[in-house]
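Each chain gets a letter, A, B and C, in the order it is written, and its residues are counted from 1.
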Amino acid sequence: MGLMERLFKTPAWGVHPDDRKQPAAAVPLRVLPMPERLYIPLLQHVGAPARPVVLVGQPVLKGQLIAEPGGNISAPIHAPTSGTVIAIGDLTAPHPSGLTLPAITIAADGADRWAELHGCDDPFALAPEEITRRTAAAGVVGLGGATFPSAVKFSLGKRLDVGTLIVNGGECEPYLSSDDRVMRDFADAVVDGVRIVMHAIGARQALVGIEDNKPEAIAAMRRATEAYAEVKVCPVPARYPMGSDKQLIQTLTGREVPADARAAEVGVLVHNVSTCAAVHRAIRKGIPLIERIVTVNGGAVKNPGNLWAPIGTLIDDLLNFCGVVEAPARLILGGPMMGTPLPHGRTPIVKGASGILAFNAAEAAVPEAGPCIRCGSCAKACPMGLLPMEMAAHIRADSFKGAERFGLADCIACGCCAYICPAHIPLVQYFSHAKGELSAQERASLRNDATKRLVEARAARIERETQEKAAAAARRKAERDRAKAAAAALSTTVTAEEISS
Amino acid sequence: MNDAPLLPLAAAPPVAAPHTYAARSVSTVMAWVMAALTPATVYGFWLYGWPALYLWLITIGCAVGGEAFCLRLMGRRPGPILRDGSAVLTGWLLAVSLPPWAPWWIGAFGGAFAAIFGKQVFGGLGQNPFNPAMVARVALLISFPVAMTSWVAPLPLGSAAAPGVLQSLAITFKGIPTDFDGVASASLLGYSKTEMTRGIDLLHSLAHAGAPGVAWGGFRPGSLGETAALLVAAGGALLLWLRIISWHTPAAMLAGIALPAAIGHALNPGQYLDATTHLLAGGALLGAFFIATDYVTSPNTPAGQLIFGFGVGLLTWVIRTWGGYPEGVAFAVMLMNVMTPVIDRYVKPRAFGRDRRGRPIAARRVN
Amino acid sequence: MIAAILSLTLLGTLLGFGLGFADRIFKVESNPLIDEVAALMPGSNCGQCGFPGCSGAAVALVEGRAAAAVCPPGGKALASALAAKLSLELDLSKVADRGPQIASVAEDICIGCCRCIKVCPTDAILGAAKQIHNVIREACTGCGNCVERCPTEAMTLQPIPLTVQHWVWPKPALA
């Protein structure tokens, strides 16, 4: 990049980590042989967990619904292969805590028999609502890592009259190349998916943002979009975090998404390229989201590359297929900047798993943290314009409110600050800790309010019961008195009659 | 495949993202700053001879010793903390701002004072409100004004008049012997100030044959590492190129000196020195690139750095022009250090999607 | 001299009257702080703090007889809110956030005596005489009143298991 470009084209924010995408990105896509068992967690998306609709022992077909959405924001889950449900129970989640999630275990029968699929030859003849419904039914969620149910975003886009679809092919995380591979190998499917999504949300144009470190993907996408003027391929500078929605929108459209607002409010919607390919498969062929491209990379992997693998494959199975040169010192789900460290390899890949990194000891070395020297590198790198060192200082003193005043809520946890910090302070962990504590406090105070309401209800109930009891007692007393009076009157009458007679 | 579990990963607490780090660490930053200081310092050794080297060694040694002493008192292992290089850098910065033939106890007292009272009493690296080197320099200047303003004319190594290795030891440890009295000299700022108090204006005093001058090459009396303007600026350029410092503080500080100086000189050349002289004399350049840019004690935002730098520059000029001391960089830096928390409180970057006051901006839709 | 004395005397007198007047007009009957603090408390009067109910704890807090971390069911959220309100020292790491707990009924021991129902501050126990009782998870505050009252020790407090959704990254260890 020339000096002028370096000065004027590259955004001021962000960092430029060594991308380490080669040689994995250049290796042709391999198909993982069907594992014997698949472990499918019931929570692979943002929102409520799915509810199983199969029973242990039940045979299932590939693509058959095995869990239905558990709420308005949720997604169904389908069987990635044919076989038998052998367990529904807890399984180590692909999550740093090592806690468990409910999951469905399927023993593959090896036949890989499909359930009956309902594709559509002309999706543009369908109503947008129908596309949204079918996308929801196919369990498509954002495959860039956020795993937000795509159909929910479609209806949001439709409602807010979004004119521009931004297709995120940034893939700014180092090591990862699954989106790159999708664009190189399935450019036509991606472009068709883009046009279907445009139809679903009523967008008039689509901008495909691809970092300029992926020339093959740019070329493939340009070829595939030649026939469609409304879909434009826009190379963007390779700068982390270009793949973040807000940064990509700003780079492509010049619009800044206001704080606390959604992208749709500036008239754009962002979908990942892999998501668009998944929409294409769901609508054209009726195939639900049961497989995806996963990058397997890292210094501990013998043959790094991209694998076409069913959801629910154990990470150990992926690593066994690619081979390891040494026992991985760290396993990461996703990229090195934002990825989740995993407790061990006996946890499955999920819909949002764009990559599995097996780091060798050198890559996994954690530099020792020192005191902050207030160099301001973190503030310079922060794509959200925050002051990470100030937020961390407040969190260090347990002042979460203080961190909020410095914009903790705006933090996108991209990791630029902790990456660049010369003192190697784990800034992102501070922020994650504070965000978690704040939401726990929020839950606790909601609970406190609910308790208060219950206590008041109980007091009201006791009051009512006392009143009712008192009223009943009064009534009974009155009745008794009446009865007594009547008896007295009767006896008086009788006496009088006696006298009179 | 499932029955071949690959590994039992350690049960250590999870390591949060990011899982990759930039190569630059605190110690590399310190090392680069020292590298940038090296040309001017080595030139100072050549210019003022062996006593300068001895003073430099003593100052750094005592700064490191003072830091190690404090860390021991606090029950911390000094080794890893000293390795960040900040104590060496503090001692170095102090040494280059001392008169090159100053006696050993100036360096020893200053180095230890910088590390202990400039830095460790506040909690160590990152916690000190004032630039430690400038704290020590000001303490020395106030306590030992004579020793701190005894400049010598350059006696380059290799020249006939330059003191030898052993003779230099005597200079540093026993004081300047009488046969070197002739080298005692005044700096331009000190000279002009003295003459002004005697009622001789600049036009006459500087026209005098024996008047000290300034030079880009730095062949003049002055502090150990401040005279060679070109070399100091080259070091600063290296730091700018490496993006260890940003241009805001140095540019603003030099502008803060040059602008009032130029205006004053234009109005009354007899009363006010010109801008070039101000920039080349004293520690202006050294302060702009190496002192005022200290991370810990200067603001974090570009706008804050502009305010800070300009303030340092302006105060330097004010002190030089009207103050009781001929040189004012150290005082100016410390005064602005006080302002740093205030500047940081009020000058904050604009967050993405918010205006300067922190309220969400209005949404502008894509057509 | 005279003028100064007079003017200062006049000023002092006027201000004195002003203060006395204000004291009459804006008289505060009770300490408003107690009500404000009481409003923060859960109000379930569970008694875990050792004070007579939530208002008792509020009085103790305002009078400085109780620490900000006085209320176990309130957890860290309430503790920090109280500390902020009353400018109290608070070490959050010491707050006994032993994690949320919930009462549960051992169904083989419960005799259906209904005693627990009467002491539950939030009406969180469902049941009738001679029927096995049950706890409504959403309503139980884990105060433990029922545990003390149960004649057969069928009531126990169980920690609510930590889930992936509620897990929080630990604070980094200090360097």
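Please note the rule applied: a contact is a pair of C-beta atoms (placed from the backbone, for glycine too) under 8 Å apart; a residue touches a chain by one contact, two chains touch by 3 or more.
None of the values given here were measured: they were computed from a predicted structure.
More C-beta pairs in contact connect the chains of A-B than those of the other pair, out of A-C and A-B.
Overall, the chain located most centrally, as judged by its C-alpha mean against the mean of all protein C-alpha atoms, is A. Separating the CA-averaged centres of subunit B and subunit C is a span of 55 Å.
Subunit A and subunit C have Cα centroids separated by 36 Å. Note on chain placement: the centre of subunit A and the centre of subunit B lie 50 Å apart, centres being C-alpha means.
Listed for subunit A are residues 96-97, 368, 370-371, 426, 429, 432, each touching two or more other chains.
Those residues of subunit C in touch with two or more other chains are numbered 169-170, 172. Annotation for subunit B: residues 16 touch two or more other chains.
Subunit A contributes residues 15, 17-18, 35-37, 96-98, 163-164, 174, 246, 253, 255-261, 265-268, 314, 316-317, 319-321, 324, 327-328, 330-332, 336-346, 357, 359, 363-364, 366-368, 370-376, 379, 383-387, 389, 407, 410, 413, 415, 418-424, 426, 428-429, 432 to its touches with subunit B in the complex.
Here subunit C touches subunit A in the complex through residues 42-45, 73-78, 80-81, 84, 92-93, 121-124, 138-139, 141, 162-172, 174-175, going by the rule given at the top. Residue ranges of subunit A in contact with subunit C, taken from their complex: 43, 93, 95-97, 99-101, 368-371, 395-396, 398, 400-401, 425-426, 429-430, 432-433, 436-437, 440-445, 447-448, 450-452, 454-458, 461.
Per the touch definition, subunit B reaches subunit A in the complex via residues 1-2, 4-9, 14-22, 24-26, 28-29, 80, 84, 86, 124-127, 295-296, 300-301, 348-354, 358, 360-367.
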